[in-house]
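Here's the structure, in structure tokens; my notes come after.
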Amino acid sequence: MKKGVTPQQAAEMIPDGAILMIGGFMGVGSPHRIIDALVDLGRKNLTIIANDTARPNYGIGKLIRTGAVTRAIVSHIGLNPETQKGMIDGSIAVDLVPQGTLAERIRAGGFGLGGILTKTGLGTIAAEGQRVIEIDGEDWLYAPPLKADFALIHADRADYSGNLTYQLTATNFNPVMAMAGETVIAEPREISPVGVIPPDHVSTSGVLVDYIILRGAA
Amino acid sequence: MKKGVTPQQAAEMIPDGAILMIGGFMGVGSPHRIIDALVDLGRKNLTIIANDTARPNYGIGKLIRTGAVTRAIVSHIGLNPETQKGMIDGSIAVDLVPQGTLAERIRAGGFGLGGILTKTGLGTIAAEGQRVIEIDGEDWLYAPPLKADFALIHADRADYSGNLTYQLTATNFNPVMAMAGETVIAEPREISPVGVIPPDHVSTSGVLVDYIILRGAA
Amino acid sequence: MSPEEIIQRRVARELHAGTLVNLGIGLPTGVSRYIPHNSGILFQSENGIVGMGSPPPEGMEDIDLTDAGGSFVSAVPGAATVDSTLSFGLVRGGHLDATVLGGLEVDEDGHLANWVVPGRMVPGMGGAMDLVSGARRVIVAMQHTARGRPKIVPKCTLPLTSTRRVTLIVTDLAVIEPTDKGLFLRERAPGVEIAEIVAATSASLRIPDYVPEMGLHD
Amino acid sequence: MSPEEIIQRRVARELHAGTLVNLGIGLPTGVSRYIPHNSGILFQSENGIVGMGSPPPEGMEDIDLTDAGGSFVSAVPGAATVDSTLSFGLVRGGHLDATVLGGLEVDEDGHLANWVVPGRMVPGMGGAMDLVSGARRVIVAMQHTARGRPKIVPKCTLPLTSTRRVTLIVTDLAVIEPTDKGLFLRERAPGVEIAEIVAATSASLRIPDYVPEMGLHD
């Protein structure tokens, strides 16, 4: 049985200055109720690891608008001019990481690997200051693993033991982030008794999940 | 629509000397009908990348008994004394690789990564002659990607377009090998029309699968 | 026929039955309008689906099913959901037959710049760097000039997306193939003279004796 | 009480509610006999399941559900299927609370040798190297001596499984804790004198003033 918490209780666990992974892709498959609670609490100085910062005042964009974020490790900010503005005026340190590299770096963090070796970005400004490792005469770009204090993820369904399923493109970064957060808080749309999700349909095992956001808790 | 073939037709595509990935764990979730057809054709000089060589004359053990295998990259041969004997008398070159490292090396091959960095095996004889890469003062063992000419995999169900599902512990190496074979041949237990497997339950997309072993074809 | 339509119809001819294709947001997305439903081409959207379909009927949108730009899409029968690591495993691992991307500049080395205009536009590379590094074929679909200025240039002035040479450039005026001997003019748009193409191109072009008019997909 | 039973009952006390545990094949597997069904402990089997259950009733075996030794098992409610990459991601990434493994030798550095006897036994390391490198706690469960010869030795003569120090050694005579100051004798088996333990151990032991008898799980 996992501990069920309200979005407010979840947000209260997260201190100013925390490093957060937040699932979702342009807000699709993001844990919106936890984000709202973080905004309500006025958290500051957060580092966000996520695919993007969504749109102004939507999803992670709400944390951008309220100035909660001082660092963002993301692949894309093109649809949120407020993040771009923050990057340019220096109020948000933005590390832009190629999307596939970002996913693998999070996975490396969660899977106990020392980082990744990729061709993506090699020879571009996205590789500046980064290590190139030669293997059998071929150059590979090294990128270090990413971990977080908290992974805040969305799920379609949870069971009482924390097993999770995802739906369609709302899956995205959620399962891999569930591996890489020191504390994992899942916000499911539905909650079911144990056994309702067959073993082959569990995408994230409950052993990875620390807290479940309770249904309907306001 | 994928091309359906009999086990014999599949085996005929595979030349002597081919590098094969074969799914399964002690024979559970192995493509037994393809293996039988390879044995019937008397294929020789095969390199096998697999978790293990099962038991004598069972699963991959059949290929060992008939002398079809001259090299095996595996994590375990403890339950097949014939493979052990082949290793000791030199008729089979056996590379023993830690199981998690083997899985990640196959994944790296299929995912376009330059290899992996792991702590597993570091400082042991399993790391002899292998490269150690220091990152921020910490040593990591480098292991190169693995690819194969053919991935021969088992599935629980396929649809006509090659989408696959797996069941319970018969899953094991099958999905990752489907990413790393130049040609992928799947042996499903059941075959269904397209649309029967919901998108969220497809474990291996049909775009990765080249051939499906037909039902009941003898 | 609009410039966009010429480009989209010509690119459509490059896409082959039974392959997996990723179309970038914007002009490339429109290529799908010229692909018949029974083409056997599957579209990948890097946010997590193989088998993306056209926008759903009004009122039938699923909030968990969007393209990489966040617009509602549908799924074709046989579609498969993939998480972000698998999505980019397909891209990086060479399982994607083609990607069609917009461009800001392409140069004589066949290098593409399409993700940032320093000081003016900082969208982030999203999946573009992985797509250009990993897809088997990279097709740049763009207008030949921007506000009268050539976009096919001797050397990119904007930061590169990849140091890998793209496969083909399709514009409203021409089809150009980058090779290790430079940029070859392969086709002219209907009614366009070679001189007109040369005048709109600041890169040096190699011009074969015979440059046919491009064929356009119905 | 047999030596095996003493070891298994003592190890059972090390396993905590709500955690994920991997039991090696053989003696360690038997630890599960002393874990009540409602313990909240989940067992992982590295061939691909979180939530492995006891052997199924006669005639109810599922050929797709075995443990890592190939024996039929069942699944508990809330079990999850994992492929080989995720299975070892759980291990390597530190998501496994404890692994219980057999041992051939353990030495004063707390190093374990348990996978090969060169020239005599070449089983391969299987998942052992990943388990010892990655699990949060590594518990060695073995008889104190083999054919009268000590297995806890000054320095391993057999090839190491990992250069990581194990957490605890539980034998039929004693509980011993490896530390950076050497091997501490923590507990005696019921009725066993300290002198007897010292005589059966060739490694040097640090012996606190008070060495209690071990408690055994019911």
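In order of appearance the chains are A, B, C and D, and numbering begins at 1 in each one.
Heads up, the rule we're going with is that contacts are C-beta pairs under 8 Å (C-beta built on N, C-alpha and C of every residue); 3 or more make two chains touch, one makes a residue touch a chain.
What you are looking at is a predicted structure, and each value in this text was computed from that prediction instead of being measured.
**Student:** Check A-C against A-D and say which one is joined by more contacting C-beta pairs.
**Tutor:** Between A-C and A-D, the larger count of C-beta pairs in contact belongs to A-C.
**Student:** Give, as an integer number of Å, the spacing between the C-alpha centres of chain D and chain C.
**Tutor:** Computed from C-alpha means, the inter-chain centre distance equals 55 Å.
**Student:** In whole angstrom, what separates the CA-based centres of chain A and chain C?
**Tutor:** 29
**Student:** Determine the centre-to-centre distance between chain B and chain C, using the mean Cα coordinates as centres, and give it in whole Å.
**Tutor:** A distance of 35 Å separates the two centres.
**Student:** Which residues belonging to chain D are in contact with no fewer than two other chains?
**Tutor:** As it turns out, chain D has residues touching two or more other chains at 49, 75, 81-82, 85, 88-89, 91-92, 134.
**Student:** What parts of chain A, by residue number, touch at least two of the other chains?
**Tutor:** If we look for residues of chain A contacting two or more partner chains, we find 104, 107, 111-113, 118-119, 166-168, 171, 199-200.
**Student:** Which chains touch which?
**Tutor:** Every pair of chains meeting the touch criterion: A-B, A-C, A-D, B-C, B-D.
**Student:** Can you list the residues on chain B that touch chain D in the complex?
**Tutor:** Contact set of chain B toward chain D: 25-29, 51-52, 55, 74-79, 84, 87-88, 94, 96, 98-104, 107, 118-126, 156, 166-176, 203.
**Student:** Spell out the part of chain C that touches chain B in their complex, as residue ranges.
**Tutor:** 19-20, 40, 42, 49-51, 75, 77-82, 85, 88-95, 134
**Student:** What residues of chain C sit close enough to touch chain A in their complex?
**Tutor:** 45-49, 62-66, 68-70, 75, 81-85, 87-89, 91-92, 116, 122-130, 133-134, 159-164
**Student:** Where on chain B does chain C make contact in their complex?
**Tutor:** 1, 107, 109-113, 159, 161, 163, 179-180, 194-195, 199-200, 202, 205-208
**Student:** Could you pull out which chain B residues touch chain A in their complex?
**Tutor:** 104, 111-119, 133, 135, 138, 140, 142, 144, 165-168, 171, 199-201
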